[in-house]
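A short write-up of the structure that comes next.
Order as written gives the chain letters A, B and C; numbering starts at 1 within each chain.
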Amino acid sequence: MRAMLDFYLTQMKMALVQQFQYRVANYFYMIGMIAEPVIYLVVWSTVANAQGGSVAGYTPGEFAAYYIVWTLVRNMNIVLTPYAWENYIQRGWLSMELLRPVHPLHAQIAYFAGWKFVAIVMWLPIAAILAAVFQPEINTSPWAVAAFVVALWGGFFVRFMMLWLLGMITFWTTRVSAIFELYFTMELLFSGRLVPLALLPPWAQQLAAYMPFKWAFGFPIELLLGKYTQAQALYGLGAQVFWIALGAILVRLFWRTALRRFSAVGA
Amino acid sequence: MRASSPVISIAQLQKTFYVPEREAGLRAATRNLFRRQNREVKAVDDITFEVAPGEMVGFLGPNGAGKTTTLKMLSGLLYPTGGEISVLSYIPSRRQRDFLRQITLVMGQRNQLAWDIPALDSFELNRAVYQIPRPDFDQTVAELIELLDLEAIVRKPVRNLSLGERMKVEIAGSLLHRPQVLFLDEPTIGLDVTMQRRIRNFIAEYNHRHGATVLLTSHYMADVVALCRRVIVIHHGKILYDGELSGLVDKFSALKTIVLTVPDSSIDLSMFGEVTSREPSRVTLRVPRADTSRVTAQVLASLPVSDLTVEDPPIEEVIEHVFAQGPEQAA
Amino acid sequence: MNFLRVAWAYFRIGALNELQYRVNFFVQLFESFLALATGLVGLALVFSHTQSLGGWSRPELLAVMGIHILMGGLIKTTIQPNMERLMGDVQQGTLDYTLTKPSDSQVLVSVREVRIWQTVDILMGLIIMVVAVIQIQARIGIGQALAFAAALLMGGLMIYSFWLILTTGAFWVVRMDQIVELFQGVYQAGRWPVGIYPGWLRSGLTFLVPVAFAVTVPAEALTGRLTPQTLLGAAALTTALLLASRWVWFTGLRNYTGASA
């Protein structure tokens, strides 16, 4: 509907303006985030050099490329943390959003989407510096770049839906940190965040293909790095659509029940 | 649609909360993980009333009486545990879009507007959320700016505004979509007296101009007295009184006050009633309501009274007394 | 020394306070286990592709990981909570309550807080270290053990001084919340021996943020790589940093109390 588009654009513009005000804090955060991939990068480059130049098809240059693109994808991956739900529910923010004729999910997605534009722009100089230092090698093609742009946003939506579902658990219990941490650990290992998925043992790689984590993280990176044929890329985009749809269906299924729980405990 | 059909209709409404009971200790905590022990709290216990279009109704009650819970059920935030509820012919808990577009809930000290950008920009977002056509929106904004005197503050970031100013822009933001029903929950809480009066005047003016139905909760008597002819008193989840404000005192107060102007106020008046205050030439007596005319006649007959007035005790006192009673004594 | 008595008093209260929340113990245990599992998986992955990393064997890297967890536990138990509270006090102006107490101000702000459940990490780190040492099958002489203990102590003191200097910056630049996150990111680099990092990064991790001294140097002591020069250098640097942090603290304090009208 045109009205929905209008809402999304307005909310995104507002988020852009607001987050631009906090650009210093945002920059600090992005810079702090670099430590993690740089460490992985150095470790695996060392291994690659020790093994005669490459490991599982990745040279140190390609590791550099992987982990630099990693920083962009990681930024796109940052969505509403499930831990925020406790505040969201108990401080009455959810109530405020429930009063409006727009599902809170839309408001949140639109807000984060607007924020991402600021993040992407701020990422560019950081990427330039990292590239200058670590000398990445990329063998890519125009269609892969285009597909990457799509997959980048696809990854954002996948992770958003998954974490929204995770956050909804807070309606039923507030002792959630164990569940959340377990999820994040699995995600760390199977998404391509800790290591490129090609470095995992084959059984783990197969497992990862059936989980949502890869499609939000490793898939876009590998896509840009030219590791996929067109058919594989298409399959990956389809997997993203699948997970987004699944997430949306589950939210739809459980939202009413969740609101009843919310209602029972009051806020 | 009949002109007299009520905007709000509530019948035998109930709301029970289940509050988890927590014990100390690890074993209790582990048990709690699997089986929650709950305590029942009846926040709203069988209330019934109707509100006609354009009416301004005040909800009076102490904290925890059930006022806010009722408002939340009326606006669809909470599901009733029992009974029926209908607003503008919608069932609020269904939270249909067309319903949400016609109501607004303003909770004192709860922020809806974004913190770090000017209110005007947040208004823009509400325009998109409620799908308000641009010309209507511009007109409404202009009207609200004029009525609430927002010109100077509407372009400043909300975090730079004082508490009273923030409340004004919050109210403005919640009225952009010209709702037909206003639920106002403690709208003047925490504000200074001048600001309270300004907001009251605004609400009255808004109701006058647009014929909106207003349900107002407050524990400031002044709010209710200034705005509402009809008052619903709630205590322990039950309705104690539903009717005109003037009738409130009649129902709850068993006493009346007689103020006498006499040349010598030191005379003993205890045979007439309880003396509550004594000034150089004025004495205030408190007598049971039923005895008012008898005592008045006796006083006039036996004392050199130059002025005599019969008054109700202050509403605040009456209400306080009512609220101080436990649930068993609720009428 | 008065400092020890004060530290012990605060420790007791802090511990008693937190011991009430026994559930937090299990939560912490679970999270520490997850972190450990992740670390072990990372290690296993590396060694599924190679035999040694920068000259360090697998059990030696396990020892590094153990020390990293142990030192991390130490930081999260005492150093971090105190520095975070100090930051909060400066931002909210509640530091004055502490300054009026009749004890050394630096000592007070350094020992007030303790997060007792983080000691799980200290324990876990110790266990990993012991397992690693057994796997290395080297015999650790008394001298080596002493060098290790000394290196660990000095590393801890250096991290503390570093944190204090940084936190004292809050006196001038009031918002320093990002520092905590930044540090945690950089500290992760200590999971691996700093020798693998390119030269400029290695220098940064040694002299800018003393991660190398906190983790790699004690690991070198444990695995027989430690040179007397490094140990002496560590001693010199520790002394320098302790003195510097004390000086910065009192300069900042003077600035703070002078400015508050």
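Annotations
Operating definition for what follows: contacts are C-beta pairs under 8 Å (C-beta built on N, C-alpha and C of every residue); 3 or more make two chains touch, one makes a residue touch a chain.
Bear in mind the structure is a predicted one, so any value in this text is a computation, not a measurement.
Distances between chain centres, each the mean of the C-alpha atoms, put B farthest from subunit A.
Centrality by Cα centroid goes to chain A. Subunit B has its Cα centroid 46 Å from the Cα centroid of subunit A.
The centroid of the Cα atoms in subunit A and the matching centroid in subunit C are 31 Å apart.
Inter-chain spacing, taken between the CA centroids of subunit B and subunit C, is 56 Å.
By the touch criterion stated above, subunit B contacts subunit A in their complex at residues 17-20, 33, 43, 69, 72, 75-79, 95, 97-98, 100-101, 103-105, 107, 110-112, 114, 116-117, 121-122, 124-125, 127-131. Residues of subunit C that touch subunit A in their complex: 27, 30-31, 34, 37-38, 41-42, 45-46, 48-54, 178, 181-182, 184-186, 188-189, 191-192, 196-198, 201.
Those residues of subunit A that touch subunit C in the shared complex are 25, 28-29, 31-36, 38-39, 42-44, 46-47, 50-51, 55-56, 177-178, 181-182, 185, 188-189, 194-195, 199-201.
Only residues 3, 6-7, 9-11, 14, 17-18, 21, 92, 95-96, 98-102, 173, 175, 259-260, 263-266 of subunit A touch subunit B when the two sit together in their complex.
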